[in-house]
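Pasting a structure below so you can have a look.
Chain IDs A, B and C follow the sequence of writing; residue 1 opens each chain.
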Amino acid sequence: MPVVEIENLTKDFSVGFWRKRPVRALDGLNLEVHRGEIFGFLGPNGAGKSTTIKLLMHLLHPTSGDARILGEPVSKVSMHQKIGYLPENPYFYDYLTPAELLTYAGRLFGMRGAPLAKKVEGLLESVGLSHARNLQLRKFSKGMIQRIGIAQAIINDPEVVFLDEPMSGLDPLGRMEVRRIITSLKSSGVTVFFSSHILPDVEALCDRIAILNRGRLQEMGTLDQILKTRFEGHEAVLSGVTPEALDYIRKWCDEVWSMGDRLHVRIGARDNFGALIAFAFEHKLELVSVNPIRPSLEEYFQSAVGSRQPAVAAFGG
Amino acid sequence: MRRILTIARNTFRENVRDKILYNLILFALVMIFSSIALGQLTLGNEEKVILDLGIAAISIFGMLIAIFIGIGLVYKELEKRTAFALLAKPVHRYELILGKYLGLLFTLLVNLSVMTAGLELALLYNGNASGWAYVRILPAVYMVFLSLAVTTALALLFSTFSTPALSALFTFFLWIAGHFGRDLLSFGELAKSAPVQWLCRAVYYALPNLGNFDIIDSRSVLQTVGYSRPIDPVAVAGSTAYCILYCGALVALAVFVFMRRDFK
Amino acid sequence: MKRRSLKQHLFWFGAFLVCAALVKPLQDRIEARQEDPGEPDILFFSSPSIVKRMALSYDSLVADLYWMRTIQYYGRRDEADKRPVRYKNLARLLDITTTLDPGLLDAYRTGSSFLAEPDPIGAGQPEEALKLLDKGIREHPQEWRLRHDKGFIYYWHLKDYKAAGDIWKETSALPGAPMWLSPLAAMSLSKGGAIEVAIALWRHQYEESDRETVKENARNHLLSIEVARDIWSLDLLTEKYREETGAYPRSLEEAVRGRKGYRIVDPLGTPYMYNPATGAASLSPDSTVRYLHVPEIYRESLAIEPQ
């Protein structure tokens, strides 16, 4: 059974004071998240990512459509016992310490006493905040807030966590930390659903992704599935190429350049690529490496989404 | 139930660490102690002045605390999005509202205790009041607490859907209107037209009738010859019942509004 | 909207409705129990000038407030039987009201009326009433009504017929003064103490005041004068009867048999009570007439001499 099922989810907002015009923030979203995977939710600003997550958390009421988490409707409060959530740009109570915050969160899950205290200590340790356990939260840096945010999201050992822009505003070290936490979550069997617009992270972490644009789902699937559709050929590196061989090779290749004693070629058409391989074999040229060319997620994103939104903001936080 | 108490406790902790609270309490205490000086002007009636001013100070500053903290109760949670993380836990929306309300009530109780202690000290310094007067201050402060419970419920209700500035304004306005409800009724009776009268009556009942909590004053506390007014337990019970009903209505409405909201 | 959340919505809205609906009956119960809201202790600041300063620029509004509270407390005459009304503060309340808003004519007029009337209808302080009216006259020298009221107080409460007549005489010269002031003044100066003047006074007040309580008061005075006439006349009659027959009549019907012009029923329909042992007639306790004291000096002019 999928961990998250979203069926035809639509959300309209009424905007305007007198004459209310409905603005469709989310349009007929269909989506499934499977157990144990890291699911990335991408899209430019205003695409509807946060709206989707808030609908899942029942912070917003859907206009139409259905959503279920762990088989239960999202309106069922008791289901929240098994999930965790980190909001976008989180903020926690100024005057509490992280230990107090985690204890508060734990109590709301029904934990108490010594087991709770132990859990709190363990969590602080695992997110690297033990040194700050008695510092009031208003003195925390953004990265520290993010980490305590994740801690409060997982204190109940949830089956699935929802992270809304967990990397936003973090420096590279901070992002690495969060990445580490996410991968360790996955290895404990937790399903992770997170939204982001930091593409390298998504590329590195996610099993499957969905791309949202202007409230509509544009693509969904594994990275390979998405990017494979835009096959652009192969790139090969050869060494020991004689100038005569080079002349031959040139006619198959779109691009040729040498680096040191190595020759890099780029071949678009499959047939040409086949010919090159056969040629290399015959003439005992050394094939150092062969790679299919696919656009980076960033490039794909830019073309898929950027083309329809000429003013799309730069990615990467 | 436990979750409500957990939220209440956390609210209390947040409030107690907020500096504005201390400033207000300080002002209240200053006012109470300056009543000693003012009392000298009345030649022989110092206790009355100390009590009247003291209870008034506790009432007004209590009201300010209730408003300042109350209006932010829900609004702050929503604006700062702490409510989001909260509601993603197995917490019902009504538990959040009830928890915040109880937490603020408890904060008020603690503040009132501090201010009452100050009042008792001022009275002690003056030294003229009889022993029982010190005990009878408590029912007087209890009535103030009841009126503050109503004020807080008002602030809570507004903070579920309005900005802090507007909430403060509305709550303050209603607090004043609540003291002049009877006059509105008189005005209605003086007016000759029946629809106006009916309207005035309807508004009178809808307004928080803070006059119900004015039944214990310095006369009731001091109980000296020629200047006394009995403390009527039935009237106190009546006022308590009114407070519970009125606050119940406001809190239920607040929960209802809060449940229906989208949190953008 | 899912069914479960609909149930929750209904529950909380229902809770609100239930609480709100119970507020009114509870409030009514609370008020019913409150016998005495207490004389307005708003005289915490008893000096008009202090109040004026504290009212900032809202003088008129605060005056209205004071005035409303005053009327609220003192004006509920129907309840004056049920609760003792204390008039200790009335003069000062009126002073504050009229200092805050000197234009409140009503405050001078109705206020002085309350001040002058004897306990329990009013404060029984005619001198204070005069002071108040004088204050009003200083503010509104051309207003004939205030002067008329002043004369009234001299006439009825202080029995100073000359002073009353003098005041009315000069008042009749003011613009807008009614025609009946001049003859009234003359009557007072010449026949001061005559019941006709009193009756005329009350009748004028009844006819021309637009304040319910004042009208009511005037009407009661007029009715009381009729009652006094009836009873004093009956007393004279029963005395005469005794002189003639050696004993008081056994009933009032017997006393008035064959005579014209006597009433044995009060102006509102309740029969007078009669004590055959003493020959004294009196107003029945069941009577709906609110009897206000009629001074003895009018007995002679009111009572009908039996033939």
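Going forward, a residue touches a chain if its C-beta (ideal position, glycine included) is under 8 Å from a C-beta of that chain, and two chains touch if they have at least 3 such contacts.
Computed from a prediction, not measured in an experiment: that's the story for all the values here.
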item	value
Chain at maximum distance from chain A, centres defined as averaged CA atoms	C
Central chain (distance from its CA mean to the mean of all protein CA atoms)	B
Distance between the centres, which are taken as Cα means, of chain C and chain B, whole angstrom	41
Euclidean distance of C-alpha centroids - chain A vs chain B, Å	49
Whole-Å gap between the CA centroids of chain A and chain C	86
Numbers and ranges of chain A residues touching at least 2 other chains	61
Contacts with 2+ other chains: residues of chain C	5
Per-residue multi-chain contacts in chain B, two or more chains	260
Interfacial residue positions of chain A with respect to chain B in the complex	13, 54, 57-61, 77-81, 83-96, 100, 104-105, 107-110, 149, 152-153, 156, 162
In the complex, chain B residues that touch chain A	2-3, 6-7, 10, 13-14, 17-18, 80-82, 84-92, 260, 262-264
List of chain B residues in touch with chain C within their complex	52, 94, 180, 182-183, 186-187, 190, 205, 209, 212, 217, 229, 234-235, 238-239, 241-242, 245-246, 248-249, 252-253, 255-256, 259-260
Complex contact set, residues of chain C against chain B	5, 8-9, 12-13, 15-16, 19-20, 22-24, 26-27, 29-30, 33-34, 37-38, 41, 44, 65, 68-69, 71-72
